[in-house]
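Can you read through this structure? Questions will come right after.
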Amino acid sequence: MTNTASHPPEDLGPRPQTGGLGIANVSKVYDPEGRAVVALDDFSLDVEAGDFVAIVGPSGCGKSTLLNILAGFDTPTSGEVLLDGVPLAGPDLAPRPGPDRVVVFQQGALFPWMTVLGNVTYGLLKQGGVSRREAEARAITLLAESGKLDRIADAYPAQLSSGMQRRVEIIRALINDPRVLLLDEPFRAMDTVNKSTMHRHLLELYSRNRKTIVFITHDLEEALFLADRVIVMTTRPGTLKMDIAVNLPRPRKREMMASDAYLALREKAVFAVSEEAKRAFERGEREMA
Amino acid sequence: MKDATVATTSPALPRPRRARRLDWRGTSSVVGFFLAWQLAVNFSLPGFTDIPTPWEVLVTFVRDFLFSANYWSSWLVSFQRVFLGFFLAQIIGIPLGLFFGTHATFRALVLPVFEMMRPIPPLAWVPLSILFWPTTEASIVFITFIGAFFIITINVFEGVRSIRPEHVWLARSLGAGTLRIFRRIMIPAVVPSIAVGMTLGIAVTWNVVIAAEMIASDSGLGRLTWEGYVSSTPTIVIVGMISIGLAGYLSTMIVDWIESRMMPWKQ
Amino acid sequence: MPTDAAIPVRTTSLLPNRRTWLAALGFAGFILAWYAAVHWSPFAAFNRLPDPFEVVVEWTSSDPYYGISIFTADYYTHIFYSTYRALAAFGLAVLLGVPLGIFMGWKQGVRAYTGSLLSLLRPVPPLAWVPIAILVFPGVEPAVIFVTFLVAFFATTMNTLVGVRAIPQDYYRAAACLGASNRDVLFDVVIPGAMPSIFTGLQIAMGAAWFSLVAGEMIAAQYGLGFLIWESYSLIQYPTIVIGMATLGLVGYLSSAAVRLVGRRLMAWHEQRLGMAG
């Protein structure tokens, strides 16, 4: 049921050379205490380089499992994942996380014991090939471009607001020029105002430097606002339920959320998700009973 | 930085998953330990010339101690001291900690003196304690009390300090009276601290009792162990050590049980 | 800020000046109570004890009646012995305990092997090891240091282990994403992440070391503050007992404070967090 017909947003510039993801029939089965738990079941998706894909679904639908497999923290039980045609994950491949697909985490994973600058330059320095001075220069430039964040380069994460922390974390990921950027419900704990600001920043970064982005969220509106495609997952076992092409023009504006096109999309998505949520709820009830 | 005695000391290792299969790695380490001991004695390694083998210890234990009334009464005596001192420390320490937390003036007056006495190791009190208390028993219980008292008081104090004033203001603005606040806000905030204090306290208390018995008493497990040393009978010393270890382990289990009753919502 | 007595208030609710005055008052009250108990109470037990002034006079006299004061060499000999033992034991405990704790916390494999053994040995009150230690080690000195070491070692290892275990998994994952090798993870995530717990453990270990050292000295040593206290008791030199106790308290406090200070320096980032909290 894959639908790869996404309209290339004209105003975004050319697609990047790398970052095409091919997820083919990926399944993940856990076996905690003898009872098999199927987290993902035959999930397939093709993402073109430079696409912004959002994945939504009810809790427990396997979104995080999928992300873990994409990121290299976990291996699929069957199926495979290809990055630009090269196998990345498969049942026989050891999990291999790396800077070609960096993750921005839900709870935030800026290293509290390093300054902002230390955090942002970390990836560059660890991969080698760049002197400290150059890494720092690059970091400062990128931070400055993203809303004058160079001012806080010497601050520790704990001194920053959560919004700033998130932005720094995204920059920490992007500075490594990953092929794919993976975001795991990064704005989940934020209030609406902060979230809007974060959306704006993320879209700005996306337009300046187009990359493949896989964005996991439970917030439908967020998904529709940010992405080119919204993938709705079924509840456990997780598989692809619906692939919604978001044909809203870029740059996205808040006003678009009142347009008919948006509302139609939203209705479609809400219906799909709530169907799954209901199913999850009922299954939960059955399991408890 | 938070003061050291508040944080968990020697915290229990995180509970392992219920091991269906035999924990062969852990068991092999333990077996290895006993094996090393046995071999060290067999090969007369330096220092181990007078030490009995694990087997000798076991044999001696079963033969001379397991059925000896004297041995078990030592257990009782030590346990009594531990729990008496321990509970006295609770009875005095908890209210004191609460007062420290709630009355700023009292705290300003008394806390400095308290803090001055805290770093003095409990055993340093032994001579004064002996001089002061009429009976040996009382002096040992006093030392035990000292051991646990400071820990418990500080933990309770920190527990009270961690209550956010906003919660109290909110309760007040909703019309809660002082007693209500005490019951509904202070007690739940303080109970975990009391639990931590108890866990830390019991470990210290055992140490203190054993040492105090070695120094100044004529009964109890510490005395038993010491007598083994004095009479150059290492076997008895080891029996004593193992007994003390078991007793300490048992006490920890008891305290854990009490804590689980205190905080049924945990785990 | 409400000043109602039943509401828990933060410690900074009183002006610092006022607090200093009250502290001084508290001390004065304590000294007075002590003096009164010794001289005016009907209990014979109290009358035997030295009063505060006796102690201070003795402590600061250039020719102390019982031979120990800040002007006598013996006093410093005792302090030196105790301090040296405590630091040696503590140092050894840190050297062995921190790496072990790190590896136990980090690698499940290590934990599987060592966990059971440590759980077995831990409940034995360290002081119960004193007689065996004396038998095994070639002298009293190493035995006392060993027992002190043991206490500090357990505290250090356990706290380090817990500290490492408490590091959220996301940090490891983030480091992996960014290209960190295993060695990088150790130095960039595990050690800094566990630092606060390690230092808490070190403070506890320091306190535990003194505690256990005093016991060891009282039981079996020559020289040292614990020994001094016990000997003064045996020789009926009561003011010296208090001198010994007070010195112990002071040295113990200073050593813990030193550890705390080092910790603060190394963890500027942690302090910031505490400032932000609330």
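A, B and C label the chains in the order they appear, each numbered from 1.
Please note the rule applied: a residue touches a chain if its C-beta (ideal position, glycine included) is under 8 Å from a C-beta of that chain, and two chains touch if they have at least 3 such contacts.
Just so you know, these numbers come straight off a predicted model, no measurement behind them.
**Q** If you take the chains that touch chain B and keep only those that also touch chain C, what is left?
**A** Common contact partners of chain B and chain C, which must touch each of the two, are absent.
**Q** Name the chain whose C-alpha centroid is farthest from the C-alpha centroid of chain B.
**A** So the chain farthest away from chain B turns out to be A.
**Q** Name the two chains that are joined by the greatest number of C-beta pairs in contact.
**A** B-C
**Q** Between chain B and chain C, what distance separates the C-alpha centroids? Give it in angstrom.
**A** 16
**Q** Return the distance between the CA-based centres of chain A and chain B, expressed in whole Å.
**A** Here the centre of chain B sits 50 Å away from the centre of chain A.
**Q** Could you grab the centroid distance between chain A and chain C? Build each centroid from C-alpha atoms only and quote it in angstrom.
**A** Centres of chain A and chain C (C-alpha means) sit 49 Å apart.
**Q** Send over the residues of chain C in touch with two or more other chains.
**A** Residue numbers touching two or more other chains: 267, 270.
**Q** Considering only the defined contacts, which chain B positions touch chain C in the complex?
**A** 1-5, 7-11, 13-14, 16, 23, 25-30, 33, 46-48, 50-51, 101-105, 107-113, 116-128, 130-134, 160-161, 163-165, 168-169, 172, 178, 181-182, 186, 203-204, 206-207, 210-211, 214-215, 222, 225-226, 228-229, 234, 237-238, 240-242, 244-246, 248-249, 252
**Q** Which residues of chain A touch chain C once you look at their complex with the stated criterion?
**A** For chain A paired with chain C, touching residues are 71-73, 97-99, 101-103, 105-109, 111-114, 122-123, 126-127, 156, 158-159, 172-173, 176.
**Q** Sort out for me which residues of chain C touch chain A in the complex.
**A** Chain C residues touching chain A: 168, 170-171, 173-181, 184, 188-189, 192-193, 195, 267-270, 272-273, 276.
**Q** Provide the residue numbers of chain C that touch chain B in the complex, in ascending order.
**A** 1-2, 4-11, 13-14, 18-19, 22-23, 25-27, 29-30, 45-46, 48-49, 109, 111-132, 134-138, 151, 154-155, 158-159, 161-162, 165, 196-197, 199-201, 203-204, 206-208, 210-215, 218-219, 225-226, 229-230, 232-233, 238, 241-242, 244-246, 248-250, 252-253, 256, 260, 263-264, 267, 270-271, 274, 278
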